[in-house]
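Let me give you the structure first, and then I'll get to my questions.
By letter and in written order, the chains are A, B and C; residue numbering begins at 1 in each of them.
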Amino acid sequence: MERAKKEAIIEAVLFTMGESVDISKLAEVIEEDTKEAKIIIEEMMQKYQEENRGISIIELDGAYQMCTKGEMYEYLIKVAKSPRKYVLTDTVLETLSIIAYKQPVTRLEIEKIRGVSCDHAVNRLVELDLIKELGRLDAPGRPLLFGTTEQFLRSFGVRSLEDLPSLNPEQIEDFKEQAEEEIQMKLDV
Amino acid sequence: MERAKKEAIIEAVLFTMGESVDISKLAEVIEEDTKEAKIIIEEMMQKYQEENRGISIIELDGAYQMCTKGEMYEYLIKVAKSPRKYVLTDTVLETLSIIAYKQPVTRLEIEKIRGVSCDHAVNRLVELDLIKELGRLDAPGRPLLFGTTEQFLRSFGVRSLEDLPSLNPEQIEDFKEQAEEEIQMKLDV
Amino acid sequence: MAIPVKLQVFEGPLDLLLHLIDKNKIDIYDIPIVTITEQYLSYIKQMDTDDMNVMSEFLVMAATLLDIKCKMLLPKEVNEEGEEEDPRAELVQKLLEYKMYKFMSFELKDRQVDAGRTMYKEPTLPPEVADYRPPVDYEDLIGDLNLSKLHEIFKSVVKKQEDKIDPIRSKFGRLEKDEVNMDEKILFIEAYTKDHKRFSFRALLEKQASKMDVIVTFLVILEMMKTSKISIEQQEIFDDIIITSNM
């Protein structure tokens, strides 16, 4: 099979499916191994970045999906119905950020961090398909474990969990430094 | 607005809408008259004919629609029909073992044993034709009773249900004692 | 005239504490606990909430702050390594962790705004393709699973179920009401006292059948002492108690 044809097939498949398609599936159709398929798709993604293209391909945790470019939004809402925007409250966002970084995580662990109950926020997030149950913890009461969904990756423009803005001990150090600077400023005054 | 941008907008609009979009609407979004818009689209249609493209734009009575190229059909079918990798998760296996040894059994009984809901697992097992509905229990709510199928017997090399090794009451007593001992040990510490 | 104060809404006690720390421009690692506790308490006093759940969460933190405040006044505890322990340490860790996630939630919010600008398309599969269910490859599905493995799984499920039953509490239901009757016991001991005049407490206890009988007997003796029906004497601590009737 020619390279051009492989690209054509991938484009057609992603267009038709609409949803994210796993790399293994794409590889199978173009009769390649996943490594080679990945190379081809990455190159296609580059091509889509050209100026005269309105659509692009995004990666979502080893799967690929076709979507419009962000800068097309203002033109699209002139013709298309704008996708329903869910405004997440601070409570829901805080809960979501804990789940995103600590997954798999139980309600109790979330509550410990936030200092307040999180039932409502967790239910809302499940409803919005941003988080899902991952199973149960093998502990008394067998509490449910939660983690993020593919919809979460899509909604926040994250390619995979590794792509989340980093959260590391240095960040805490930053906070510490900020605090110290503030103190210093106060002392200097 | 640059020409490249106009093309990008048209591509994004046709992709998002999925259905056919009237030329007047497209012209409006790219801020051109219909005549000019038509010229741009015709040229785009030419470009889409290139070998490495899997999608194309077709004209339908003064409207335009994005669709896959006809020759892509066989590959699309392949993806959609590609044998899905079926796997039995722990939850599904646990549920199956309960149904195998306790049949005929209701969802409620399974849930009592597992301590968690089993809807998903039961549905999955029915879908895989490893269990089936056996009728309804003559009890309030007339709950469905489930049991294993012929396919189950075949897959596990069992000739009949009598061949299933039974779990005798003594074994259950053993489990109880073990549980008690474990607790006692914890108390002694 | 009271000045109406518009209170900011906080996500919870930690959020409020962070706000106070921020407002006072203090080092999170060196929280002046007295000042912060005062401010915290005065804030929750103004809180106008009927929701006991919300309120209780804020009150728990208030109690924690007061507890830390007390500990700060006492000589510092020393841990195994001989280091002085800061009573605020645990709270500081909690605050830092919470602050980190709060910070990330703002990051996520920004990302969501950007990501919300892309649009997707519904699948356009021909219906006969969309409805197609590929046949199940049972050999592949079952793999090396066999009947005895399935049996092991079943056993482990049953075992898990047994493990979940608390052997101690599950027996609570069987506890029977003790039939030791206080009035009867009083009559019995009074009769015994009249018969014996002067007797050993241990000898009396030995006549009791159950632990509950012993306890009730002891209570009756105390009661009779109080009402001066008997007097008691004991030579040495842990010695037998000698009871003398006054009746």
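A few notes on this one:
As a working rule, contacts are C-beta pairs under 8 Å (C-beta built on N, C-alpha and C of every residue); 3 or more make two chains touch, one makes a residue touch a chain.
Just so it is clear, the model here is predicted, and its values are computed rather than measured.
If touching chains are joined by edges, the resulting network of the protein chains shown connects every chain directly with every other. With centres computed from Cα atoms alone, the innermost chain of the structure is A. Ranked by distance of CA centroids from subunit C, the top chain is B. A count of contacting C-beta pairs for B-C and for A-C identifies A-C as the more extensively joined pair.
Note on chain placement: the centre of subunit A and the centre of subunit B lie 20 Å apart, centres being C-alpha means. Our note on geometry: subunit B versus subunit C, Cα centroid distance of 42 Å, whole angstroms. Per-chain Cα centroids separate subunit A from subunit C by 37 Å. Contacts with at least two other chains are made by residues 119, 121-122, 124-125, 164 of subunit C. For subunit A, residues that reach two or more other chains under the stated contact definition are 15-17, 66, 68-69, 72, 76, 80, 142. Residues 2-5, 7-13, 15-17, 21, 25-26, 28-29, 50-55, 66, 68-69, 72, 75-76, 78-80, 135-136, 142 of subunit A are the ones touching subunit B in the complex. Interface residues of subunit B facing subunit C in the complex, by the touch rule stated above, are 12, 15-16, 18, 67, 76-77, 80-84, 86-88, 93-94, 96-98, 100-101, 113-115, 128-129, 151, 154-158, 163-165, 167, 171-172, 175-176, 178-180, 182-183. Within the complex formed with subunit A, the subunit C residues making contact are 11-15, 25-29, 53-54, 57, 61, 94, 96-109, 111-112, 114-125, 164.
Interface of subunit C with subunit B (complex): residues 119, 121-122, 124-125, 129-130, 132, 134-138, 140-142, 145-148, 150-151, 153-155, 157-168.
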